[in-house]
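Below: a set of structures, written as structure tokens.
The two complexes that follow have chain A in common; it is paired with chain B in the first and with chain C in the second.
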Partner chain A sequence: MSTSDKYIDAFVEAFELEDRKEAEVLEYQSIENWDSVGHMTLISELEDAFDISMETDDIVEFSSFLVGKEILKKYDIAV
Partner chain B sequence: MNANDEKKQVIIRNIEYLLTSSPYAENDTAASDLFSDTISELFSYHLKSSELYRNIIQGLSGSQITTTPETLADLPFLPVNLFKELDLKSSPTDQIVKTMTSSGTSGQVSKIYLDKDTARYQGKVLNSIVSSFIGNKRIPLLVIDSEKTVKDRNYFSARTAAIQGFSLFGKKPAFALNDDFTLNEAVVRDFFEQYSSGPYFVFGFTALVYFNFLHILKERNLSFKSNQGTLIHGGGWKKLQDQAVSNEQFKAFTQDTTGIQKVHNYYGMVEQTGSIFFECEEGHLHCSKYSDVYIRRADFSLCEPGEAGLIQVLSLLPLSYPGFNLLTEDMGEITSMDNCPCGRSGKTFKVHGRAKRAAIRGCSDVQY
Partner chain C sequence: MKSEYSLFQGLSNYSDKIALRDLDGNAVSYLDLANFADKLKTQFAEIAPLEDSNVNKRALTILVCRNDISSISLYIALIRNHLPVMLLHESISDDFLSSIIHRFKPGYVLTTKESQHKPNNLRDQGEIYNHRILAPKDQTVTDIHPELALLLTTSGSTGSTKFVRLSYKNLHTNTVDISTGLGVENEHNTITTMPMSYTYGLSIINTHVFNGGTILASDASIVSKEFFNALEDFKISSFGGVPFTYETLIKLKFWKKLPESVEYLTQAGGKLKEKAFKSIVEQCGERDIRFFSMYGQTEATARMSILDHALSEEKSGSIGKPIGSGRFLLLNEQEEAIYAANQKGTLYYIGDNACLGYAENHQDLAKPDANQGCLNTGDIAYYDEDGFYYIVGREKRFVKVNGHRVSLDEIETLLSSMGLESAVLGEDDNIKIFVADENAQQAQLKELSQATKIPSRVFSLKTQDHIPRLKSGKVDYKALASVP
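Then we have the complex of A and B:
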């Protein structure tokens, strides 16, 4: 599976999305499921998928699908 | 963008600026000036954004509202109880993404309305404060609560908010309590077996940690010997006070049963989530760059350091509701103005516990 697919999968799993295309426009609190509870679920999904351990600063900065891509670069993951 | 939106952006920029350095910068007069400026901005922002708030302040201040008083202590403050009685918000309803409620025992609950920005900066500031004590690497976390407390999205209580907030520092949190709040011994044993040799942390509300965890461990003759952990707890001493348990006794009990030597209490409330007052190694609760505290006598004049009175709390974070300057129902005293032996700057204080009902009634009479 491509890195990009894995990245989208994490959003689909964490927020129970019906359509993969929805993921790309998401922002923190833009849908009901991406609240503080959903946020930690998403981070766990990403950490499992890429086998990384994110720093807390990056977790609080992770405010959208797009910003997340930038943050993952720090962990040598190019989405 | 109208003038008031611009004001909000200025407040956010100031918070962003403070976030670029330690939450307890030493002798940072620039940071304390920025704090005062931002509180004044918040005051005029909320006056413009919430008619209800404006009316209350008008009632308190008489005809003329001064938005630029000589000192911050002169700004009018709201009794924290008001959030139980009124729907106070400063953001349009369609921007509210979360309503937090207090887990009050009196029946009435506070309702705190959060917009995206407020929720976001609560998380960022909490991270800045807590990671300055325990680091920004995520470590194993044992939550002294039941998982159901965080699972129900429709009931977002102060406990839910706190557990969610602190989950940031823990990987795959384990929950020590069953749904009926009895101890899940298997989870606890597993946790200590797996993780007690490295850094880990334990988080919970003070009363749950004491009665549902430490006490039960002792009753069942279970003890762990691991000094690698940190215990963080908050949420009030009321129930422990009734049993006359002091902070020192709490720490000694924690060490006896778990081996944990690093214990930090924090003082915070749902009305000012994020900018919590964290207890340092010396046992003092610290104001950060995002918060301040005043102690007031029954006539609302300011107490001297060391003199007990009602605690007033200020926070830079409440944007979507006017909760930046509140008089609590707790008694406390200032323990140092800027010279805590731990080396962190800022005021420190001690919380004595809930004020007697009569004292609060006294305030309300004058305030309304």
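Then we have the complex of A and C:
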């Protein structure tokens, strides 16, 4: 599976999305499921998928699908 | 007669000390708050009468709120002026707001500019602070009990129109007792971490304003950079959270980012998992932070008991002892009082913070005190040899989701109105929907999630051949609970 697919999968799993296309426009609190609990679920999905452990600063700055891509670069993951 | 109790009478004593701040740099002093309360009274009176010469007739104000200076100032001004107020979170839909207005016949409706609510049949009467003032065309005062101060929703999420009636005495007693129990002082700075329309969030506002502390009004999420920056920049001394707040903060390894200004933390809104509780107690111990685990409900204004921070290790899992002048009483199945340690019974609370009762429409606002200082908490509990109480179960059919009470019966009613007959069971943060209908779809859960604002991950759909029922025809929840 491509890195990009894995990245989208994490959003689909964490927020129970029905359509993968929904993921790309998501921002924190833009849907009911992306609340603080959903946020932590997303982070664990990403940590598992890419075998990384994210820093607190990166977790709290992870505010959208697009911002997340930038943050993952720090962990040498190009989405 | 006007109530002799007044929570915010002493605002001017704290003179130009800052009461409220926000992240945009706005600040409001205690004197400003006192002046604002006077201004509100004048401005309202110009629109319509606030009360009749007969003091049992007053105008109810519905305050649609968010955690900002405007909402908190308006709440304080209304309580200070002995004007009864209902708090509703700004996420409320226009339809729901309209139905509440229809039922409660308020004199004034204050909506946030951001939310742009447009309930039916109301006239725009200008603005006050960051709120719009709306008033019905035929606005009039209604019969309202002179002690009635505040209406809070029992479960905002299911669209229930049932509100808890709280008195000036309830607010005053509970605020004094909580302040003493936690040691809230005027140099304390807190940050809002929960909606002010939620009893726990509101009690933090009450105790800080009562004692001359400073509140940073913010809607910043606990998983945002803004929140952690605010803790540091505003030298926050304390904040509160429900179990999921702390479970999230632990995952975030937030201890590393907690500034030295933090003196104490509070937790309520359900029971923390043992592992999380231990981890917090340990980390707080190392950092000299006092950690208070508390127990309460809206019907008790906010708090009923506090577990003293010094005993959190020794009495882990306990809800502590009743606060201030309150006391607990355990009754067995024959409704006899239990006076022995380690015996389970239904937990009752007796104290001046026990609410007046419920209200579902404006007629209920005139009703006298239905509880006379005594509440059935709906929880099953026991006390140990040292008099510390422990909750072991729940009699009533509700669960907590993110610390907020959700009635399982109301979920059933809501699903039924969506055309899905179900039996609903659950535990905190996990609601199981049993259906015999094979056509039940995940899509209906999505609709339920949108209607209740409860994340769909909390719901799980279980298809059964049939729903077990008692001879009376009622759902046999016990049998259902044993379904794997």
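Operating definition for what follows: the second predicted complex is superposed on the first by the 79 of 79 C-alpha atoms of A that agree within 3 Å, B and C clash if a C-alpha of one lies under 4 Å from a C-alpha of the other, contacts with A are read in each partner's own complex, and residues count from 1 in each chain.
Criterion: a contact is a pair of C-beta atoms (placed from the backbone, for glycine too) under 8 Å apart; a residue touches a chain by one contact, two chains touch by 3 or more.
Just so we're clear, the structure is a prediction, and the values are computed from it rather than from any experiment.
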Touched partner set for A:29, first chain B, second chain C, both or neither: both
Chain B versus chain C as contact partner of A:16, first or second or both or neither: second
First (chain B), second (chain C), both or neither touched by A:70: neither
Which of chain B and chain C A:5 touches, first, second, both or neither: neither
Chain B and chain C contact sites that coincide on chain A, given as residue numbers: 28-29, 32, 35-37, 40, 56-57, 59-60, 63
Sites on chain A touched by chain C in the complex: 16, 18, 28-29, 32-33, 35-41, 43, 56-57, 59-61, 63
Chain A residues touching chain B - in the complex, by the definition given at the top: 28-29, 32, 35-37, 40, 44, 47, 53-57, 59-60, 63
Residues of chain C that touch chain A when the two form their complex: 221-225, 227-228, 244-245, 248, 251-254, 256-257, 402, 442, 446, 449-450, 453-457
Interfacial residue positions of chain B with respect to chain A in the complex: 97-98, 116, 119-120, 123-124, 127, 131, 136-138, 150-151, 153, 161, 164-165, 167-169, 171-172
